[in-house]
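Could you have a look at this structure, given as structure tokens, before my questions?
Each chain gets a letter, A, B, C and D, in the order it is written, and its residues are counted from 1.
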Amino acid sequence: MRYHFLNQDMKEFALDVEVNKDAFEFTSDGEKTKMFVKTLAGKNYYSFDGTSWKKLPALGVNEVLVSNSEVFKVYRGFKPSGLNKGGAGALITQMPGKVVKLMKTLGDKVSKGETVLILEAMKMENEIKSGADGVIKTINVKEGQALDSGFLMIEIEE
Amino acid sequence: MRYHFLNQDMKEFALDVEVNKDAFEFTSDGEKTKMFVKTLAGKNYYSFDGTSWKKLPALGVNEVLVSNSEVFKVYRGFKPSGLNKGGAGALITQMPGKVVKLMKTLGDKVSKGETVLILEAMKMENEIKSGADGVIKTINVKEGQALDSGFLMIEIEE
Amino acid sequence: MKGKRVLIINRGEIAIRVAKALNELGLVSVGVWTDNETEPPHLEYCQEWVHLEGSNNKETYLDIPKIMKIIEDYKIDGVHPGYGFLSENREFSETLAKKGITFIGPNPTAVYKMGAKDISKQIAKAAGVPVVPGSVGEVATIEEAIKIGNEIGYPILLKAVAGGGGKGMRPCANDAEVKANFAAVQREALSSFGYAALLVEKYILNPHHIEVQILADKKGNVYHVFERECSIQRRHQKIIEEAPSPFIGTDEKVRQDICMTAVKCAKAVDYDSAGTVEFIMGEDKKFYFLEMNTRIQVEHPITEEITGVDLVANMIKSAFGEPLDFKSQDEIVIHGHAIELRICAEDPITMLPAPGKVVGFETTFPQGIRFDHCIYPKYTITPDFDPMIGKLIAKGFNREVALRKVRNALDGLVIEGIKTNIPLHKVILREETFVKGEYSTAYIGKIKPQDKVAPKEDMKAFMVKVAAVEMNGRNS
Amino acid sequence: MKGKRVLIINRGEIAIRVAKALNELGLVSVGVWTDNETEPPHLEYCQEWVHLEGSNNKETYLDIPKIMKIIEDYKIDGVHPGYGFLSENREFSETLAKKGITFIGPNPTAVYKMGAKDISKQIAKAAGVPVVPGSVGEVATIEEAIKIGNEIGYPILLKAVAGGGGKGMRPCANDAEVKANFAAVQREALSSFGYAALLVEKYILNPHHIEVQILADKKGNVYHVFERECSIQRRHQKIIEEAPSPFIGTDEKVRQDICMTAVKCAKAVDYDSAGTVEFIMGEDKKFYFLEMNTRIQVEHPITEEITGVDLVANMIKSAFGEPLDFKSQDEIVIHGHAIELRICAEDPITMLPAPGKVVGFETTFPQGIRFDHCIYPKYTITPDFDPMIGKLIAKGFNREVALRKVRNALDGLVIEGIKTNIPLHKVILREETFVKGEYSTAYIGKIKPQDKVAPKEDMKAFMVKVAAVEMNGRNS
């Protein structure tokens, strides 16, 4: 099983894992790492040496994985082909938020750097600007709508 | 759905429950009681009036149900026919324990009140005595064996 | 008081804290849910659940007529506002008073007097409480500014009247610097706030934010429950608090002085509930009144931990005219040390809010830890609410023990699926000046612990996350 | 001390408590699992897990050679024995000492001296500590018994030398009663223990079991950490403990006296760890030495709660020669009140052990509750181990607050699938003499709270259980 991780800057890396009953074998950059796993009193534990154990959180399968300050999209077992569709003309949410105001409608001309919509995330308003000169091709949001991270809000045809 | 409860003294009662999405309707002795249920943040709650709510424990289906000092066998949806097989000649565990010593072997004659085996429950030894005069017909345990509550240890043919 | 029905018009961890106290005291805790938070974890502790219709704060937690309707419909006897929302709203407390509903907080006059910044300063001054020295009203010219600078002593701060958030203010160490900066600050004030008027105020170097907990009954008895140091701040918001203050340390004279000054402030407005008097303290340990918060505060647990006083329960008792747990100031003593870390859904480096959905949550704590929170697996932190999702509190026999415990607890706190400031706290708790307790409100800006947070964990951490997902799938 | 590898040769809640302290102090906690408990919850807090082969206590927690083998194989530096098992075993502590392994407990000589009842009494007497007055050795005749009765004052107790558990003992109020009972007690002694010899001892009416916590380092510093009252007992085992003692109350003279007497006892055996000196106290507040327990005790948390002293962490520090958290007796003060309820898997009416499998477990606690336990859904309580599965501890500003909190906490503690003494505790916590704090060790026998426990809950409780099963099935 290969896990693909892709961060907000479209940088990616992969981690291979071979799942066995009592141990996982990871391969990263050609280097192998063995991890022992155990279930005890309804909770899961891991160990890299077979004697030192730590608890694993009950982690639901999720498309997003956070590591300190970086957010990764996770693809389990496959690497989607259209990964890089998010060009300069695609406005994608970087964090969950709510659409406060749409400044443009379908077919409007926009220039690079122009504010296209205002997104509120935790009491702060963020102006979302066009990354390219072009025409609004699709609008997938409406005012007041709450959005998850990684949502394609607007597409601009260059 | 009818629940049958049977305590250690073989006294029984039943509770009917009609399960709906947001409410249960119980019938006991002809009297109806409505209970509202709700799931919130991964936990279950109940309410008899629809405004006052209390948490339900995540209670696994179990054959045994404890109410203060009484232990009930629970039968969900059916009432087994052979419920009263436990006559005076059937030695059934009243609590979990461990067989310390078997005093008799198969075919031995025993008289009412005679100690047949010694059962240890939490550091205390209990002498299990025959409830009837007769002959040991079956022995389902061996020394050192740990037993659950309600286990038929020995049968005596009167 | 028993059996009284109390509406908690708040959410999150504080709603849980209030419900716990109500239940314990034998009152009926009534909680609300809204359309933008239909499964709030605080209902777990509320005996009754009411739907507060609406999908934003204006339509829900801030809508006084709607709340008054619920109060009538559900035969509510009292209201606990928590913190934020309507907790310091004069109109709300007055409306409740008119309807004969008990507001679990101070009387409306105290809310009003302490709510208006200029009035509260005047009251403090009149009561003989020191306030930051400075100009009375606007300062029009350089000469006037220099005159005040010489009167109150340098350094001073030139500050836009309309200012805030660090913009439109510059410190000046002498007459020459006033001359050099005056026009520039005026220009900044004009461009930032559209209003050029300036104030002059004593500039306090490396200041400490120290506040005193007040607890008062309805019979005129006002007690202090000692101080808290809240100098670790980002964007003027606290992220770590301690009690007692390591800066005051063993200086019992200063401690007595600031605590009794706070009592004086509270008495000046006939205060009759739990509240907090905030001070700024300079390196010389001189302190000045900032404001009074007329509500229970986020960081109240550290005071509870070191004094044993249940602030929330006593606040409720006070509101219903019941006697407090103590009869004299002497009964309240400091015992040990407590530290609180605010756990926020935010980027640990930029410290900006980062809402999202919790997909994993585990705690493995040592003895002596209290975690006031509203987190559960699948909990969604929406942009509508405050990013603070929990408070990790450690109590120890002394500061060293508390620090050891909170450090160990932090290592055992796992929240997956969202960015949190846990990595930042881990850096701060091992950083030398913090460990020594030698920090001021300049800490985050000067020491920059955020720069020591690795943007990304090592590969083994990713393996652990992958294993967690795989094992979780296996069990369900 | 950091990095030292410590084997916890115990299980259940105390293994968890010890592991927490080790982790917090930066040591490596090594836990064990056995063949009759393959998934012990204490491993959750242990950093390393070792298999201790065997399926009964004799083959596992009591098998010294097997434990020594593990110590060697796993490069263990120290051992924490918890309570019970090998915690007060002279051979074990001596074997460890010979191998240079740190025993987290007192020196072997102290274990030995306090372990033998007759030796410990002699030591106490020699140190000037009062012991229960009575005969020196066996009493052969009625005349001799009457003589002693008149010397030490009536009432006296005629007691089988080999006695215990309430058998073979009778109180006598005067010479006539001695005459009437002497032969009967001899007969009882002979039939129960096979040995007719008798002792005479002062009979203490309505006695209180009061014990004093000791904490000592390896440099000769011995401190007391105040007293606990443990008079609520069944079958001579404690089920509720309080600190401070409501019977001593505000009598600081008696408190000082009993606490300093305990220090004297501890010093008499060069005590150098955490330990407890147990006393019996009469209605006249005169107290007599009973025994010294040379280990951490079940009820240590209430002392931790009222003093802020982390007993387990300090016990570990002491064992490794580190300084304790304090430097003088004055630093240790009582602050508030704490109550502990032992939650046992037992019938709430007969109070007999009732092992089984936990099928549901939920807690909804107020603020200020500590629950030291090893319970989880599906946890099986086997007949092999102690029926105590948890300790519910409340701390409050005073006794009234602690009582309020523990009562509310108990209502929020749900354990399904096994019998527990929770219903019994609910009765006791609302029973008048307990609420007033006016009880002695005669409480359970005289007041009989067990008689007020309903054998079966009402029909609604059954509906709740049925709903819990149905809803649980729905979610999974």
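Assume a contact is a pair of C-beta atoms (placed from the backbone, for glycine too) under 8 Å apart; a residue touches a chain by one contact, two chains touch by 3 or more.
Here the structure is a predicted model, which means the values were calculated and not measured.
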Length of the line joining the C-alpha centres of subunit B and subunit C, rounded to whole Å:
54
Let me have the rounded angstrom distance from the C-alpha centre of subunit C over to the C-alpha centre of subunit D, please.
42
Could you tell me which residues belong to subunit B and also touch two or more other chains?
54-55
Residue numbers of subunit D (touch at least two other chains)
44, 364, 377-378
With chains as vertices and touches as edges, which is it: line, ring, star, complete or other?
other
Contacting chain pairs - touch in the sense defined above:
A-C, A-D, B-C, B-D, C-D
For subunit D, which residues count as touching subunit B in their complex?
347-350, 352-357, 359-362, 364, 377-378, 382-384, 386-387, 414, 416-419, 423, 453-457, 459-473, 475
Which residues, counting only subunit C, touch subunit D once they are in their complex?
17, 20-21, 23-25, 44-45, 304, 308-310, 312-313, 325-326, 333, 335-336, 364-368, 370, 395-398, 401, 404-405, 408
Using the touch rule from the top, collect the residues of subunit C that touch subunit B in their complex.
39-41, 43-44, 46-50, 74, 376-379
Per the touch rule, the subunit A residues reaching subunit C in their complex are 3, 5, 15, 17, 19, 24, 26, 28, 33, 35, 37, 39, 44, 46, 48, 54-62, 64-71, 76, 95-98, 120-124, 146, 149
Flag every residue of subunit A that touches subunit D in the complex, lowest number first.
40-43, 45, 51-55
